Amino acid sequence: MKPTNKRSWRYRLHEIIYEADTPMGKLFDVILLILILLSIVLVMLESVQGIDTKYHEILYIGEWIITIFFTFEYIARIITVKKPKAYIFSFYGIIDFLSTIPLYISFLFAGSSFLLSVRALRLLRVFRILKLARYVGEATKLRRALISSRAKILVFLFAVLVIAVIAGTLMYIIEGPENGFKSIPTSVYWCIVTLTTVGFGDIAPVTPLGQLLATVIMILGYGIIAVPTGIVSAEYTRSKDNDYVHVNTQSCRNCGAQRHRDDAKYCHKCGEELNPKSHIET
Amino acid sequence: MKPTNKRSWRYRLHEIIYEADTPMGKLFDVILLILILLSIVLVMLESVQGIDTKYHEILYIGEWIITIFFTFEYIARIITVKKPKAYIFSFYGIIDFLSTIPLYISFLFAGSSFLLSVRALRLLRVFRILKLARYVGEATKLRRALISSRAKILVFLFAVLVIAVIAGTLMYIIEGPENGFKSIPTSVYWCIVTLTTVGFGDIAPVTPLGQLLATVIMILGYGIIAVPTGIVSAEYTRSKDNDYVHVNTQSCRNCGAQRHRDDAKYCHKCGEELNPKSHIET
Amino acid sequence: MKPTNKRSWRYRLHEIIYEADTPMGKLFDVILLILILLSIVLVMLESVQGIDTKYHEILYIGEWIITIFFTFEYIARIITVKKPKAYIFSFYGIIDFLSTIPLYISFLFAGSSFLLSVRALRLLRVFRILKLARYVGEATKLRRALISSRAKILVFLFAVLVIAVIAGTLMYIIEGPENGFKSIPTSVYWCIVTLTTVGFGDIAPVTPLGQLLATVIMILGYGIIAVPTGIVSAEYTRSKDNDYVHVNTQSCRNCGAQRHRDDAKYCHKCGEELNPKSHIET
Amino acid sequence: MKPTNKRSWRYRLHEIIYEADTPMGKLFDVILLILILLSIVLVMLESVQGIDTKYHEILYIGEWIITIFFTFEYIARIITVKKPKAYIFSFYGIIDFLSTIPLYISFLFAGSSFLLSVRALRLLRVFRILKLARYVGEATKLRRALISSRAKILVFLFAVLVIAVIAGTLMYIIEGPENGFKSIPTSVYWCIVTLTTVGFGDIAPVTPLGQLLATVIMILGYGIIAVPTGIVSAEYTRSKDNDYVHVNTQSCRNCGAQRHRDDAKYCHKCGEELNPKSHIET
């Protein structure tokens, strides 16, 4: 039995894969990041017909190299981590798994290529790898702002959908299939295109009545956008308040420093005791 | 005479339909919600030509089942409620009625199908059924914010319409019917499409002068969107602040102090009683 | 000499035209408003070819009736007002004049019809006529907010134009006339269409490099819209502050009322003197 | 040796070119501004085919006049400034150089015309020339607001890109090349067009599933726009408040008080000296 030996071997591998403090760990992270980017670029290039027919074999080999690397990485992550199950069913664990298997199941089923899009999610590792604590902090704030205004956002989305269904049905009745509004689902789709001010123009109202209703929908959509913006603005303004304190115009008798905290008893610059009365009398 | 017996029968039905605390009440609510959703899906599917020709009879039977259920539900609601008139002319009462009748009047008139779009409004019952007090609260806040900024929004809409009419007339003169600007109403419609940044592209300026004016309209529309957003943002930011109260222009007869709380009875500066009428008269 | 008599005649006419307190004044205002709306509807209908060929004579007669009424109104306004010059060169005076003359000069020049668009501006009188003081107040606030952030808005517009000129030139070089980017001015126009997120789609990049640059422009435009919104939001949030005061948690010894103004000396509810120390000690 | 003489000659030229206080300096600035505008107009007109074929020679001569003036100006700026290197490698120095050379290198290479777009950047001189301190102030504020919310904006852009890559891949799989989604890069481009609510409409989903996904993307994009707006709004609202200072998480060794000013040297509560290193180490 040589548990320490084995543990030490797994321990070192764990450090390389999960940490980025050693030179080896950094190298691994950089290679991983490059391979993730490469895997996305490869998937993109394969989809461009001109490029695929010309360089099909190179792309196919590249795909295999990445898949093999991802496979080894995935196995190594499972082996070295203390609680493999926790990793496998974690957010990153599932993404890692789905990023690895597409090539394997392409032998079994054709058309499993939609899994390739999951690879883009691996890009999120960039935050971890580069230890961008600051950016993670911002992302956390953003997520918290979104979560705390979840109820507002759901009410808003529900309102958008009800408007789209009603207006879509009316547009279908007014314009009809002869003007491109083929069916109510298509009409509802067009309403959302219009409400969100995207406006593709593949379908557009032709009758005066349809154009009138479209005008109402557009102005509605133009106004509705103010709602989520107002919500997030208010959330953000409030969440910022934790990093700021109110200061007053009281000045220190000793060094003349101003803009002290409202409840300051000592000068933040020279440590002199502040005269609380002097402020109140002013 | 057995009023208690009868009242008890109506009472139990009332509890099933209007409340959601008993198992039967919950079951009824879930079935109702499913049928509302189904009724909307049915209307949508009927409008898709391929599906309608294939499954016309099934859809037609489904439509009848839903209509009969809605009819019974509508009658039951009228019978069990204490003040039937109040229900019939309430918001939900009218929606329930309009959701029920389309199939009946389709025997009398063709083309009454536009009433089917009303059914989407029944979805609003989801809030009631699921007792989503929290979401109703959010919706109320949203509605209050919109109501309190009603004057601003009307001024804004009026400005948008005046701009659209003026710019539309100019575009019609500049571009003319040969470039798709068939008439002034069409031009005004195009202006709103552009101002709201929807931009379908079914009509687009071709002449340099028209493109110049279009540029001005677009930048105007791009900037104008800031106005409703700013309004709602400010409303929301304010409504969150429980540390502020609204003050009015009433002035104290004794010391002349102004900016009292709206509900103030005594001057905050000298303690003199304030004359509530003096404010109303101003 | 009968100046009082004459003055009284002009005085009464002045009251009818400029004021809205007498029944005659109200009637005049309502008729004026209806005629302004009618004049705009007439101009619009004339531009619709199908309607114009059918009802040309009725429309032409209607146009003459409105023009004659506007002429008399314009003359009456000049006669009855104390300082005719001040009226003639005022904002409303010029609009009234330009709304009246198009039919007259159509005898002299063809194509003077662009003046008809000025009539839409007469709609602004609606605020005056209906004495909608509240809405005028909102409009004034809006105008003040726009004026006080004039410098910011100009810097913003200048930035948008410089970006559009640079990106437009680059798009012209990349895409070229063969893909619809006919000339640099057209390219700049397309850039503004894209920056403002209108996106007509009459011109769209085809080459990969062009699509890449378009992506950058779109994201830029998507982000830039935050700037005017942020400006107006901040302006509005501040301008609202004048109607609110900060309140604290101090409670009245006599009636227990809370949320007094920070500088309140007496309770706003019962007039009891507040103990300033009790607040500071808390 | 006549250094003073020569210095005086260079000194006077320096004053004309770099300052705007003397009549000659003002004249120079106005001429420069006109020539910059003219150079941009010339580049634009050359690109319009109808105009170029007709007035090619005039435009070509104009181009040469401007290039020669710019050349002399560039040389004069280098001669008269004290530290020529600092100027040459400054922002304005590089722009001045790139604005001057296109015509010269057009003898060497064809297709160097993309440098002409740099000339638009010379327009930024307008701020310097017109001494629009106020506008420069606003621009600085805007830039500072953007810089201070840099981390947030990068996180936001990254999120947009990841969403676009994932949704783009899915759209390519769903719609396929036969519906205009030629390749994944094109699909990603379409996703950004949709997310930013530009919506050209050159490519639009046709299948029901594609339209469903498009709906999700649109609503996502419609909601995401709230994020940068909220960020900038909060930044602006905050930057207006000179009554607030940023605080950090450093805690006092003596009394444990937290939330000190970023530049505090002494604790505001007990007057103990703060250890600046303790904060940096955390």
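Lettered A, B, C and D in written order, each chain numbered from 1.
FYI, contacts are C-beta pairs under 8 Å (C-beta built on N, C-alpha and C of every residue); 3 or more make two chains touch, one makes a residue touch a chain.
Remember, predicted model here, so these are calculated numbers, not experimental data.
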(Q) Regarding the subunit A and subunit B pair, does the interface count as same (over half of residue numbers shared) or different (under half shared)? (A) different
Q) What is the chain whose Cα centroid lies farthest from the Cα centroid of subunit C? A) A
Q.
Distance between subunit A and subunit B based on Cα centroids, please, to the nearest Å.
A. 31
Q: Report, in whole Å, the distance between the mean C-alpha point of subunit A and the mean C-alpha point of subunit C.
A: 39
Q: Please list all residues of subunit A that touch 2 or more other chains.
A: 185, 197-201, 225, 229, 231, 233, 237
Q) For subunit C, which residues count as touching subunit A in their complex? A) 197-201, 229, 233, 280
Q) Taking the complex as given, what residues does subunit D use to touch subunit C? A) 40, 43-44, 47-49, 113-114, 116-118, 120-121, 123-124, 126, 134-135, 137-139, 141-142, 145, 153, 157, 160, 185-186, 189, 192-193, 195-202, 225, 228-229, 231-233, 235-237, 240
Q) Which residues of subunit A touch subunit B in their complex? A) 151-152, 154-156, 158, 162, 165-166, 168-170, 172-173, 177, 182-185, 187-188, 194, 197-201, 204, 208, 211-212, 214-215, 218-219, 221-223, 225-227, 229-231, 233-234, 237-238
